[in-house]
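Below are the structure tokens for one structure; questions will follow.
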Amino acid sequence: TTEKSKETEQDGKLEKVQFVLDWTPNTNHTGLYIAKEQGFFEEEGLDVDIMLPGEAGADQLVAAGKAQFGISAQESITEARVQDIPIVSISTILQHNTSGFASLKKDGIESPKDYEGKTYGGWGAPVEEAIISSLMEPENADVKKVEFINMGNSDFFTALERDIDFAWIYYAWTGVEAELRGIDLNMQYLNDYTKKLDYYTPVFITNEKMISENPETVRAFVKAISRGYEFAIDKPDEAAAIFSKAVPDLDEELVKASQQWISPKYKEDADQWGEQKLEVWKDYADWMNENSLLEGEFIPEDAFTNEFLPK
Amino acid sequence: MGKLHLQHISKSYGATKVLQDVSFHVNEGEFVTIVGPSGSGKSTLFHLIGGLIAPDSGTITLDGKNLINTRGHISYMPQNPSLFPWRTILKNVLLSSEIAGKKDAGNALELIEKAGLSGYEDAYPHQLSGGMKQRVAFIRSLNSPQSIICLDEPFSALDEFTRFEMQEWLLSIWKEYQKSILFITHNIEEALFLSDRILVLSDKPASIKKEIIIPFSRPRTEDLLLSDEFMKLKREIHNDLRS
Amino acid sequence: MGKLHLQHISKSYGATKVLQDVSFHVNEGEFVTIVGPSGSGKSTLFHLIGGLIAPDSGTITLDGKNLINTRGHISYMPQNPSLFPWRTILKNVLLSSEIAGKKDAGNALELIEKAGLSGYEDAYPHQLSGGMKQRVAFIRSLNSPQSIICLDEPFSALDEFTRFEMQEWLLSIWKEYQKSILFITHNIEEALFLSDRILVLSDKPASIKKEIIIPFSRPRTEDLLLSDEFMKLKREIHNDLRS
Amino acid sequence: MKSILQRGWRPLSVLLLLLILWEMAGRIFDIPVWLLPVPSQVWQEAIHGWMHYSGHILSTIRLTLTGYAIGISVGLVVAIFLFRLPMLQEAFYPLLILSQNIPIIVLAPLLVIWFGFGMLPKVIVIVLVCFFPVTIATLDGFRQTDKDLLHYMKMTGASNKQVFWKLQWPHALPAIFSGLKIAGTYSVMGAVISEWLGSGKGIGVYMTLASSSFKTDRVFVAIFLIMILSLTFFAIIALIEKWVLKWQRQGGNSLNG
Amino acid sequence: MKSILQRGWRPLSVLLLLLILWEMAGRIFDIPVWLLPVPSQVWQEAIHGWMHYSGHILSTIRLTLTGYAIGISVGLVVAIFLFRLPMLQEAFYPLLILSQNIPIIVLAPLLVIWFGFGMLPKVIVIVLVCFFPVTIATLDGFRQTDKDLLHYMKMTGASNKQVFWKLQWPHALPAIFSGLKIAGTYSVMGAVISEWLGSGKGIGVYMTLASSSFKTDRVFVAIFLIMILSLTFFAIIALIEKWVLKWQRQGGNSLNG
């Protein structure tokens, strides 16, 4: 580090970059924090400031240029771009959708057809019903027999204590927490049932203006985070330790366990970390259109780019 | 009914001694007036009798029952009218009887008329002149069932005629209902004209300096005011107060 | 300096006509007293002169300058003491000069002493008796530089001696500073003893019923109160008021 | 009717002016809809999306009114209790303050666990928001009772109850209305927040959904709905105040005239 | 010192009692830590986690004080302006109410977009929360000025400025303090909420992080911190009130004795 700081002093100025998370820090963000802590950003001439978005959400902040980069997800980007919000995905964090519907093992929900007669806790978006329907239909189950309750901001564990039988979670965080608590869950991952729902979540985003005006910064940024995620893929435990140190207020144990679970999933079957496929973007948009959830035209080619990934 | 006894009453506010060993009584149906210099402790005496404050020492009884720290045994007119700004005149007059547990609007209207305030039943206090407010406070104290009435300078803001009317009216009420009246005034003529007995208070710390029994028979008329004996007594009290 | 003129003043509150075509004047350095029945409109006259309210018709001038709707040309003592509860006595007395733009604590302390209130400089109004509050309001009005002083029943809550002391003191101040004084009282003796001229107001709607020029020379002493001429004048005003 | 127009034109014209400025700024700087829609776009959405949100409004109104009614009742009762039992006041006053510092996000799971996803936890949130200003303002109102009048009441032997209902209560009414107005202003917002606790209907739900699908114009429709509701609500409370405190107004006339 | 103890034992004992009840309930019903930790667990975390949160506290205090100071200044200035310029009041009073009904989640992105991630947008949020109760209470205080005293001031020719500073202002002080206390109670919570607007430090950040990693005991440490801050803050305001309004207290003595 002494060498690096000398370097910094020498060429004097690093480019200031604002970065917004999608919500609070979690192991999805490990590579980002490693890039920062290990000096990868610095080596690329960047000084990255990581922000929590609070109630605001990253998409508009990035679109408005208040932050240069941020984290979003394919569902959001799809809806956002239909509203002419100029954000672009520049690399995906995970190759596959790790989210799914979780329920307590003792409730015996083994597959989507068991949702009949059960209560789902969500936040009232039309997309939820469509997704559950997509899962149930192939099994000849009727989504009308599922009761939907809006559980607002309540967390998963609280909701299961009361009224709710199953809810939509990211396994890497909430699921791992359940493991740590010794709670057995049944999980139906979306991508186990229809390929169209195997979308990218979460992804790194920037805005169109950055891409057209500062492509070098984008390239430098993506390079640094790539290195960060490669690091996390290679050394999960070390990565977890670095991440925990950077965000000491998180539960160390959870971070470690979650990191172990998620590290192999960053790259998985892809050639390179962060790579995105056009068909994934197409598929999800098609699915949205089939369920008439998109009001406007979506051009999948414009929504993402692999151009900045290190060659 | 209505025999008030104060014995050896002393009272200080902080370091200032206001009353020092004051003893007196008011007999049943008697009209007793207290005169004394400004700030001597007349209103304080009323507050003690009313139970608003407790004396440092001494006893106060009404018909043998302790009055210290007990309230509701006197009907009272404070020195400052203390009308309730959100109540109309009629409702202000009714307040004392409401507190005593009964409402009698008919009687209240009669009192308002006698006080020369007809037409103002539905006015609010801020629409009245100083003397009119005082009259409202006065009839409010009359519209209350207690056997002893304590009036703290009830007529100080009235012109001589209104004052005289009120005095005569007060006497007629007093005669009719046989109440005991304890009266504070600065007007020696008023004291002489109204009372059976006058208590002269000394300056601070106040004690009873003199007691004067008024020899005039009742009913008293206006002529009395010009009689020699009246003049003589008046001068006497004058001198008592001065020395 | 200090010549006040009221001409053809009328004033109604809503439907009630209070003042009807009232005209009078106060000469420079003159002491004029207004007497009249309770509720006739005396305080209202002061409010008009002070610019608090505007007359329905008529003119009011001080040294030729219009007074209607203009304020700050009189020093004033209201009928109800209106002391500021969060100010000590000293600070209350200082208020009037503060408003006029200068503070003079030395003079204020002297006034407090003369009013027999030494020791109460730092007391709050609620710690004072009714008469003491009135005296504070009185000296507050004296501690103000205007050339005309309007006093609304300044001594009604005082015993005869305190009252007499205050009267004599008022006269000495009046003589010394050559101010004009407009004075309201219910006490005819007081009016006779103090004034150059007395205006008798009729009952509602009020108009000037009579003007009496007082023939007594100054300085006046207590003996005057017992003189025949004094008695005669007193009875005359009495009758004027009654009829 | 005429007097509403007469008194209303000033605030209305200020509002109009603001809207026009906003519209102009939006057009001149070419601010995209998703970032900040201009009033005309919001108006468009309000007209065309009526069926989307009409159902939500009623639900929010019902929630607001229920919460407000219970909230101010609790506020008044607490104030009266604390005032009449000074020992309680010393002991519980700090708890009142604490109650305002429990973040809703923390309370939310507990409320849900205890009371489920029904109306009750939402009403509790509104009550928590509403009762506090009422209690504080009412208590302060009671404390400032005119001393001469208190004097008189005590001297004439009024019971504590009489002193309270005939003197302290009416005397505190202006302060109480001050608290009621503050609480009223908060109650609509409180209802919207409480709908985030999980609710099937309501402006809060409409707004979150609009926000999560980047329909900023709908978000603004929601905001305008909230504002209109609050203003109406405030106006109603202010009217009631005027009517209840009419003796005060009459007083004002003769002095400020 | 002694008097604080004498006056403090009552609320303290109620608080202790509540904590003991909570501890007992937690143990008897065996409530899991992640749902509702018992006080002893929170205490443990508070002791051991000191280095985790000590830095956050200072940041929140600074934010609270800055926001509160600006908020009440704005509140007072707005109240004074609106009171002294009745035309403005009619026009802008409704806007005040509206300002309380812009949901923070909608305002948040706008504030960040306009003012960046610095201190400013956070302070604006606290100001928005604080100024309103101060303005409403102050305005109502001004309006209730004693009529006899107003009379006197006008008759003696006091200028509007004098009437204001010598009469209306001191007369409204009790009401103003009522507003200051309500605002003070809200300000800490306002600071915590504003920290969610994207912030690196502060109790709000500490709490969200703890909450998102399911460390409920830390969340409660945060809540207790917020509460302690608020109470301290409220106590300081109440002390200042007592000192400023000491004439009132003296009045109380002679009548309630």
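What to note about this one:
Going by the order they are written in, the chains are A, B, C, D and E; count residues from 1 in each one.
Simple rule for what comes next: a contact is a pair of C-beta atoms (placed from the backbone, for glycine too) under 8 Å apart; a residue touches a chain by one contact, two chains touch by 3 or more.
Worth saying up front: this structure is predicted, and the values here are computed from it rather than measured.
Graph distance from chain A to chain D, where chains that touch are one step apart, equals 1.
Ranked by separation of Cα centres from chain C, the top chain is A.
Between the Cα centres of chain A and chain B there is a gap of 86 Å.
Once the centre of each chain is set as its mean CA position, chain D and chain E turn out to be 17 Å apart. Separation between the centroids of chain A and chain C, computed from CA atoms only, is 85 Å. Here the CA centre of chain A is 38 Å from the CA centre of chain E. Multi-chain contact residues, meaning those touching two or more other chains, occur in chain C at positions 13, 80, 126-127.
Shown for chain D are the residues in touch with two or more other chains, namely 35, 105, 109, 113, 147, 151, 211, 248, 251, 254. Contacts with at least two other chains are made by residues 57, 60, 64, 155, 158, 161 of chain A.
The touching residues of chain D, counted against chain B in their complex, run 148-149, 151-158, 162, 166-167, 170-171, 173, 245, 247-248, 250-251, 254. Interface of chain B with chain C (complex): residues 13, 35-39, 42-43, 79-80, 116, 127-132, 135, 152-153, 156-163, 186, 188, 238, 241-242. Across the complex, chain A is touched by residues 34-35, 52, 104-105, 108-109, 112-113, 116-117, 195-200, 205-206, 208-215, 218 of chain E.
Looking at the complex, you find that chain C touches chain E at residues 46-47, 50-52, 71-76, 78, 80, 82, 84-87, 95-96, 98-100, 124, 126-127, 144.
On the chain A side of its complex with chain E, the touching residues are 18, 20, 23-26, 49, 51-57, 60-61, 64, 66, 155, 157-158, 161, 177, 181, 247-251, 254-255.
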